[in-house]
Amino acid sequence: MALSRVDIKVKDGEFCVLLGPSGCGKSTLLNIIAGLIPQDQGTVLLDGQSVDSLAPRDRDIAMVFQSYALYPHMSVSQNLSFGLRMRGTPKPTIRESVQWVARLLGIEDLLDRKPRELSGGQRQRVAMGRALVRRPKLFLLDEPLSNLDARLRANVRLELKQMHHQIQGTMIYVTHDQVEAMTLGDKVVVMRDGKVHQIGPPEAIYSYPSNTFVATFIGSPEINLYRGMLVRKDGLPHFQGAGFSLNLGRLQIDLKEGEVEVGIRPEDIGTGQAESMDLRAKVEMISYVGSEKYIHARLGDEALTFCAPKDTALQPGNVVHVAVDPGRVHIFHKGRRI
Amino acid sequence: MVNRQSLLHQEARLAFWMLAPTFIVVMAFVVFPVIWNLWLSLKPVSLGALRGTSLFEFNLSLVNFHKVFGDPDFVPILLTTLFYTVGGSILSIILGLTAALLVHGEFPGRGLCRGLFIAPYIAPVVAVTFTWSFILDPQLGVLNWLAVNTGLLTQPIPFLSQRWMELDITGMRVRLPLALTSVILFEGWRYFPFAFLFILARLQSIPDELYHAASVDGASPFQRFYNITLPQLATVLSTLFLFRFIWTINKFDDIFLLTRGHAGTKVITIKIYDYAFGEFNIGAGSAVAMVLFAILLLFLFIYFRWIVKEMR
Amino acid sequence: MSREHLETNIIRILRILGIIFFIIIVAFPFYWMIVSSFKSLEELLMRPANLWLDIRKINFNAYYEVLFEHGFSRYIANSTYVSIITVALSVTLATVGGYAVTRLRFRGQAFMSYSILIIYMFPAIVLVIPLYVVFSHMGLRDSIHVLILVYLAQTLPVALYMLRSYFQTLPVEIEYAGLIDGCSRMGVIWRIIIPLSAPALASVALYTFMIAWNEFLFAFMFLDTPEKFTLSRGVVQLAGSVHLSKQLVMAASVMVTVPILVLFLFFERYLVRGLTSGAMKG
């Protein structure tokens, strides 16, 4: 998988998430940082020093793999102490560190078992432990939660965040799950097809996506995206979509008339009639997720999804008025602009 | 720029050291001899003059090939080789297939059978050839004595030392190449375990559901064999034939130890030996080796052509 | 009876007959080899058709003679030495070589992995002639150690190929974990690859031993002095010098064969057990 022109800076102690769909190159990038794959161009700098000629074991890093990659023929404690043993750490220190890590992760009573005797969640902890025990400068995590079942994943996610605060290590974390990215990351790097699309803190990525890919990738339910024309009526910008028109009123837009894409997040849409807007949507289907309802409707010729409280009276077939705050509308013209 | 490459360089250097010994040994003892063979085939060299001749003198000539092609033995040897190779390969595959079909499926003692059946293949060649020579011996061998005692035969058959045997099959007089047939039978016996193991492995990977579906569709056991088992085995069988052909045509030990190439069993490899160490004509021996090569390449060419055609 | 029923029964009978047939043709020669080795020469000459062995008349003379009067105790030692060294070197070189071809990136990697098997297309007799010429010129002919090198050249390609196939099934990430944890590549091979490859290594060792132990042609052509003979060479020598005393040849044959059969029988169980219980996950 090729990467092109990736330029990322991670601060000391930061939790940086590489987010993107499968095959976008995030694991490749991680492997390059680790020194497992050489890069064709560019340098990897740790603490300002180039580590390109250093073998993985000399880079003071630790890695947690998606498949955990525990040594099957060694016990848990041997797995944990392996790195320390390789570096010639004195035995008492090894014992101490292993105990510390085991206590931290709650796996003390598993120390003598072999990996094949452990459950998925237990193996995941051992994998984390193996990385933690050496207290390296940099932690690399390659989708460590994706093999866990959903409920376990949420719990471990929380623990990870707590652990990060406790240890204050620098972490680079790879995932395709945007929820993980948003909850864990101090900084999120959105990638696709080997290119970086946007870097920033989660709020920035969510509220100010720099292009349509980022806008659609982040956010659940997905953003409503429409293609259409930007026209000026009475001096005011209007978005002409397929079968409906949006008065963008007070927005300052540099673009003269032309093709644009407009994105509106489901939670930015409300029911009710707003001044200067007359949008009517016909409800087609309702998804009930427990805490609220997602209303799937038809606006003009396009599909529209918005959120409603769980006790809403809406039914399929109803026609409702919807309103949008023009300030919350994302306008894209091959990039992003507002 | 240098730093960037050095990890890759380190890896490549390590790979070099890890592979160097293997590479050197194989080069020195396999590749160079082959190239050397080509060289020797084009030089008029005899074993006696070995110390004297300059090995590197560039006096190439085709005199060796003239001798080889002009030898009246040449065509008979080719035919014998072909007969032996094809016969031996096919026989070992048929026996292997039969054995695999018999052993496939659950029955008590199955593991034991599987272990037992590989014995002919793993036993040392000297042991099995001398044992079979002994068994088939016309004066001392148990087979002939038993056959004569029980009246099956009127006189002992020199299985490995007689060229032809006249047989009367339903009124037709057939001249059977006796020693050659015996050697082919030995070949089948010795190498069927190879085919057996591979076919068995393949048989066991055919999903049961195919057979179940066929049963439901109304196929009888024989029909199931013909329509499901055989097609699934097609690749294994043709690959086996490829390997057995190559290895049988290259075989020397078996025939040498059984008959020394007498009584009509002289195949190309034996002829090579005869030239080089019997007549002390190294050049001619190398030339025949080149002929063997050419035949092999021809076979491979035909085989892969045929495979490609079958694939379509 | 329905057609299915009839065919199934026919098959059952045929199957039993077939298995009996195969058992007989496979086992009989070995049976005969063993039984004949315990008979005296007179016994063989007088009652050549006697299929059985009288327990009371078991005769160890053949073994005694072969071992002590025909030098076989020496031959056994030689064969053992040659085979064990060949196995040790083969397994070592094939392990590191196989690892390099599987995991390391270098120019010619693809070439090495596939071309290695072309070696087996060449007939041994074709290799013998030039090697014979060269060795004679260099005075290297009558050497056990040169023989070992020749055997290595025969076994390494397949050993490397077998181990490469096996290594490809090991998850790379375990090695990555080892590299990050502080192992060099050799460390990874020693501490991670080898422990996880026990069944494959055993197969390679077994196969290499079989080739070295059973080998005839090169031993026949390259060894001249009897002290250096391997068992295969020795058996041929023996057979050539005694024409009637087949019991001696049979005893010698038993001695060459038994170690291999025992090894295979023993290891086949071990191998199967190893392969089925080695299910690694995670």
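Note that the chains are named A, B and C in the order they appear, and that numbering of residues resets to 1 at the start of each chain.
Simple rule for what comes next: a contact is a pair of C-beta atoms (placed from the backbone, for glycine too) under 8 Å apart; a residue touches a chain by one contact, two chains touch by 3 or more.
From a predicted model like this one, the values you see are computed outputs, not experimental measurements.
Colleague: Looking only at which chains touch which, which shape fits best: line, ring, star, complete or other?
Modeller: Graph shape here is complete: every pair of chains touches.
Colleague: Count the C-beta pairs in contact for A-B and for B-C, then report the pair with the higher count.
Modeller: B-C
Colleague: Based on Cα centres, what is the most central chain?
Modeller: Of all chains shown, the one whose C-alpha centroid lies nearest the global centroid is C.
Colleague: So, what's the distance in Å between the C-alpha centres of chain C and chain A?
Modeller: The answer is 57 Å.
Colleague: Take the average of all CA coordinates in chain A, do the same for chain B, and state the distance between these two points in whole angstrom.
Modeller: Here the centre of chain B sits 61 Å away from the centre of chain A.
Colleague: Counting in whole Å, what is the centre-to-centre distance of chain B and chain C, each centre being its mean C-alpha position?
Modeller: Centre-to-centre distance between chain B and chain C: 17 Å.
Colleague: Multi-chain contacts in chain A: which residues touch at least two other chains?
Modeller: Correct list: 55.
Colleague: Going through chain B residue by residue, note those that touch at least 2 other chains and give them in order.
Modeller: 8
Colleague: In the complex, go through chain A and note every residue touching chain B.
Modeller: Listed in rising order, the residues of chain A that touch chain B are 35, 38-39, 41, 43, 50, 52-55.
Colleague: Looking at the complex, which residues from chain C come into contact with chain B?
Modeller: 3-4, 7-8, 11, 15, 18-19, 22-23, 25-27, 29-30, 32-33, 36, 44-45, 48-49, 51, 93-94, 96-97, 99-101, 104-107, 109, 112, 116, 119-127, 129-134, 136-137, 149-150, 152-153, 156-157, 160, 185, 210, 213-214, 216-217, 231-232, 235-236, 239, 244, 246, 249-250, 253-254, 256-257, 260-261, 264-265, 268
Colleague: Please name which positions on chain C make contact with chain A in the complex.
Modeller: Result: residues 171, 173-174, 176-184, 187, 192, 195-196, 279-282 of chain C touch chain A.
Colleague: What does chain A use to touch chain C in their complex?
Modeller: Answer in residue numbers: 31, 34, 36, 55-57, 61-63, 65-73, 82-83, 86-87, 115-116, 118, 120, 123, 130, 134.
Colleague: Note which residues of chain B are touching chain A in the complex, please.
Modeller: Residue positions touching the partner: 3-8, 10.
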